[in-house]
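Each of the next two complexes has chain A plus one other chain: chain B in the first, chain C in the second.
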Partner chain A sequence: MSEVSLTAIDHSTDKNASLKQRLLRAEGSYRRRSMLLIAPLLIFLLISFVLPIGNILWKSFDNPEVVRALPTTLLALQGWDGESRPDEKVFVALVKDLKTAKDEGQIPSLIKRLGYEDGRYRTLLTMALRKLPDDGVESTSRSLIAQSTLWAEPSTWRSIQRAGRTLTAYYVLAAFDHQVDAQSGNIVELPKGQALYLSVLMRTLWMALVVTLLCVLFGYPVAYWLAKQPSSRANLWLIMVLLPFWTSLLVRTAGWIVLLQNGGLINHSMIALGLIDQPLQLVFNRVGVYISMTHILLPFVILPLYAVMKGISPNYVRAAVSLGAHPFRAFWSAYVPQTFAGVTAGALLVFIMAIGYYITPALLGGPGDQMLSYFVAFYTNTTINWGMAAALGSQLLIIVLLLYWVYSRVTRPANPAQRA
Partner chain B sequence: MFKKIAVLALMAGAASQVQAQQLTVVSFGGLNKQAQEKAFYQPFSKANNVDIEAGEFNGEMAKIKAMVETGQVGWDVVEVESPELVRGCSEGLFEPLDWSKLGDKKQMIDSAASECGAGIFIWSTVLAYDSTKLAKAPAGWADFWDVKTYPGKRALRKSAKFTLEIALLADGVSQGQLYTVLATPEGVDRAFKKLDQLKANIQWWEAGAQPMQWLVSGDVVMTSAYNGRVTAAQKEGHPFSIVWNGSLYDMDSWAIVKGSKNKALAEKYIAFANRPENQKVFAETIPYGPTNTLAIAQIDPKVRGDLPTAPANLKGARSVDTDFWIEHGEELEQRFNAWAAQ
Partner chain C sequence: MSSVPPYVRFRGVQKSYDGEQLVVKKLDLDIQRGEFLTLLGPSGSGKTTTLMMLAGFETPTQGEILLDGKPLHTVAPHQRGIGMVFQNYALFPHMTVAGNLAFPLKVRRMSAVDIELKVKRALDMVQLGHLAQRYPAQLSGGQQQRIALARALVFEPSLVLMDEPLGALDKQLREQMQLEIRRLHRQLGLTVVFVTHDQAEALTLSDRVAVFNDGVIQQIDTPKALYEHPCNSFVAHFIGENNALPGTVVSVSGAECRVRLADGSEVGARASTALSAGEPTSLSIRPERIALNVPSANSLSGRIEELIYLGDHVRVRLNVAGHEAFTAKVPIADMHDDWLAGHTVPVSWFSHDASALDPLVHH
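Take a look at the complex of A and B:
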């Protein structure tokens, strides 16, 4: 049967093409057609997901300021040995570049960028720009060095060279509290008063972990209790869980401020009841952040847990009890392990969401309670240092991916063992 | 039926296009914006048949930079603080102003007529407190640090700007020497050391309405605040007082965003806002000092004493050094962040 049809096809098409090739071709066109079907989705993902994230990763290495503002200087520096004072032509090129940059409005970004290498360069450039040596001056280098001896130091020019590369590690290093020392060119730790992001990163992870644990701790009994209710009543209670979930995040956060502040409802009633004499500090510190973040993220644990618990047959616990187990032992050994999937799903969801929290800590916390996203917003909006914002954002992204990888490694071998 | 509605809607759309031009003016929100609406937006739109789209922002230059870079300029006129004005002007984010179109330059106070900006008003950061809650009136920032006489929390704006100045003033640096000291590394260390003493008692605010709310709720006993906010709270009946000694004043300006599609109209608007009779209305609504010298004489004498520019209030005051903050701002804000987060 198949032979007959095959020969029929053979006759109707190109005789030289083998069966395999034709099969491939048919499959290829089939694949192309199915690709066409999912093309809108792919394009959407590409535009809304891959490109922006790629752009952010790129931005944390992108280094256009000096390249754009001082092209001739960088060119003139190419032949320089890096140790001695550069030639006169380098100084002339610099003055020429600065004049052009001034007309093109590139000075602020140039000063900003060189200031990252060493804060002193800001003053150095501002001074030079105030009194740029004229074309007719006898020695450009001498008049610049007369302004500041920093111009005579090779390290200044090495810094310009370093900042003049098209890609830079500055932002990524700074995100991990390191920098390239302007004098020696080595990678060193930031001085104590300036180091910030490693401790912020640790704090972010720690706070997310605490919130996750609190959510599981409070969410587990609620979900268990909900799963035990008859379904009509469970639905009502579920709506109670979901109601705050549907309310705007900002409204809930502002609500917590009203409740927790010194003259707020909670302190007022506790003082009225005689429980405390002085109002407790419940807001603008870590306590306030934990309370409201736990409240806001709780549904993300309750819902997956409830879904998993609903599917667990009560027979397992009954069987365990009938075999003589203490009810708690039965619950602990027969019931709880079956809810692990729900616990891990909920916990992972909460953890990953908590790690990127911004509004709640910003409104309810003090400066010591801000998480990494606060600084991303700070660099994006306030100082317009988008390289730094991108580096911190990438840091967060990579940490989350790493954690997810660890999570999948930890949970994968456990599953077959459980089944066995 | 639907046709009718559609036709009507189209006609309405067409009519509104013919009827009024649009101008988007973005300022700092709250009471400041309310006063601007009364003094500038409403009379200007009535007189010129212009719809003013009034937006608000917190002075983040990022939005303006993004607009100019992408060429999607949706804002026409913005209110900016001095360092942002100077920085934005040299970065090419604002249109250079042609003062022949903006009214009489000679009427304006010195720094109010600049390359890209037209001064709107002078505002001040002052020490404010609830006079019913403190037994003795504080006299300046040194008393702000005195937690024995005045127990309780204090609020400061969460930024290096103002905070470092306040710390040095509290440590006994004179107004004249303030920025000379702060420009040295030792001066910065001194400011942070002074702040260390008070750190546990500081609650940081970011929006101008927060410190007033905290004074009302009793969260703090003293705070730094924008003087206009304090006077507004006083008008609402709150027993707040201002210490002008050691206050820090600065100017806010109008600027036209580079590439604005309504540049001519924006210039007309700024010229309107520069007029003394309009600045008078603004200052009487919210007590910020006018930038047009002719406006001062027209202002209700009762209000004049509340202005940062009143001679008695200027005595112990110091203007914020724009150049200093342009040069050192980012470095100091970074260090301040690191300090505050520990």
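Take a look at the complex of A and C:
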């Protein structure tokens, strides 16, 4: 009896396997054809999206300066115990490397890079380069140490070793206000005066959060009202909502300066109406940034909300009222929960866009209102520090990914039927 | 019945959405306590609007609705205590079945123990106790419909409104649900106002049916009276199958009249009150009231065009008085073997089974 059922099971699994194979074969050509259709987009995304982002992520760890400039020094340091003063051959190698680097024009990037490890190395190297010991000198180490006792310190060489790795955590640590201590080699917080990015990051997140909340607060009623309009009129209003997109971001931002400045339209009319005596400071501070960013990002909340609300039958609220709920309660418990998907989609969109904002805070904010992107721009345009720019950029990227992960967990419906 | 004041009364109610067109033109309607009244009519005839006015989601542009003698507009919609089943059920998708049923009870601030008890009882009433923790999207159409029904009844309203509640179900399920709704109506002593465009459903369920067309009640009567004595051609056509023969009224004597048909033959019929001699009319006869091969006073000759054998009866399509779509339903026992397409047979009916109604405008 059991034999019979066993063979039956075997038979069925065998059949299943071949069915699966047949299904794969049957769908294979369809899948290949659809791959072909989306191939242009895939290639475009790869070139314009995946590669640059990969490059940025790579740049925040890439550490080529010292490796390129001091190859023999690093080689000579390999046998060093890390505690005592290095051998004479290390000093000789350094001088040799510095000479080559000088000829090849690698000195500025080397000085910049070693300066990140410890500011004192800047003068140390400049001094050494000004008076490089000749080949003939009897002890290279002694003449270098004569310039500065720092050359005798093992920590100096440890720093060179650390900066000489092909990959570095320096930029990423710096982006989180940390560094590797030159003496101990431990990861420590940056001293108070130098710490900057964590507070900028917090400020960025906070400003984005405020803008998101404002957008949802203003956008929700607008979307609700739009969804209640007959569609011909709603379309007209939707065009009005989208109107800001027809002008460039720069023009809109400049427009806000005109409106919000001390002698601007808003202050002017409020003084004329006797509401205030002194003009309010509405621009070149946080208020101006909030006003303008909310205005610019509002459509990104309204549109997904409108789409969601349009699909909600008025019968839900009616049903709740017929069941005895006060209209407010009916709205709150029968309507609002059905718009959560739209709210989270819109809010996430606004938040993600807001944390990357650069022009608006730069033009409408004060020095204390600059967001993380300002520093990314600063490092790419002004100091040409790609490592730092890339690390800060990656920081934003990782936060966005984290947010997205949280979002997908939070919005996963409790109802498994909707999950499918 | 007339001595009891009506439970719901529509008095001269009108409704317009756009200020130009009247969707409900003039509505006078009394509904008795415990009655099952159906609003039957084609799509767009104003049934939903009428129901929504009663529920309080639309306001009449004119006239008054009284509930239990009190003007309805003095009570806020959420305090009317009227149970309502919507066309697409309107079950809250973010709440479980139990949550949906508990909603009206929570709103009424009942204790958790009472709520649990009543929810369970309501679910048992529609035999879906095992689905309490499911979400509406996980239920079949028939199950959703039962839950919607249970939700409308769980807070024990005495008046329940249903707007085409069975429209989305297949035939078998619909018939099953009709029986269930009838059972609940009797068992709970409810007053039900039911909207449908399905005449069979209306006849199955109702104590009385109000036939709507163009925002006006054409006739309101028991199913039998509607079927047997339609008051105009619209009702005769909308309910059941009907043969309509155009003709002219020759004479009227009381409830009887004589009608001349298109081919010149004259037949007797019941007169609708509005007709007088010389007026055009449309003669309405139900197919099952027609006898073939039985010569009598109202006898015409008809040529058989088509015969369809249906087991329990046979449908015969005939050409009678120039009208090609004249249908007779004949019991199998009365069928003759020599009925073949092309044969001519006597076609007859009793005068009191034919109604002379208003002439058909279109067709």
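To be clear about the criterion, the second predicted complex is superposed on the first by the 373 of 420 C-alpha atoms of A that agree within 3 Å, B and C clash if a C-alpha of one lies under 4 Å from a C-alpha of the other, contacts with A are read in each partner's own complex, and residues count from 1 in each chain.
Methods note: a residue touches a chain if its C-beta (ideal position, glycine included) is under 8 Å from a C-beta of that chain, and two chains touch if they have at least 3 such contacts.
Predicted, not measured: the structure shown is a model, and the values here were computed from it.
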item	value
Partner chain in contact with A:Gly105 - chain B first, chain C second, else both or neither	first
Partner chain(s) touched by A:Ser199 [first = chain B, second = chain C, both, neither]	first
Which of chain B and chain C A:Ser322 touches, first, second, both or neither	second
Comparing the two partners chain B and chain C, which touches a greater set of residues in chain A	B
Contacts of A:Ser333 with chain B and chain C, given as first, second, both or neither	second
First (chain B), second (chain C), both or neither touched by A:Ser408	neither
Contacts of A:Asn235 with chain B and chain C, given as first, second, both or neither	neither
First, second, both or neither for A:Gln183, with chain B first and chain C second	neither
Which of chain B and chain C A:Ser313 touches, first, second, both or neither	second
Chain B residues within the chain A interface of the complex	58, 60-63, 65, 87, 90-92, 158, 192, 203-204, 206, 217-219, 327-331, 333-335, 337-342
Chain A partner contacts - residues on chain C that touch it in the complex	55-57, 77-84, 86-88, 90, 92-94, 103-104, 107-108, 135, 137-138, 151-152, 155
In the complex, chain A residues that touch chain C	313, 315-316, 318-327, 329-330, 333-334, 337-338, 415-418
Interfacial residue positions of chain A with respect to chain B in the complex	105, 107-109, 112, 115, 119, 122-123, 126, 193-196, 199-200, 261-264, 284, 362, 366-368, 370, 375, 378, 380-385
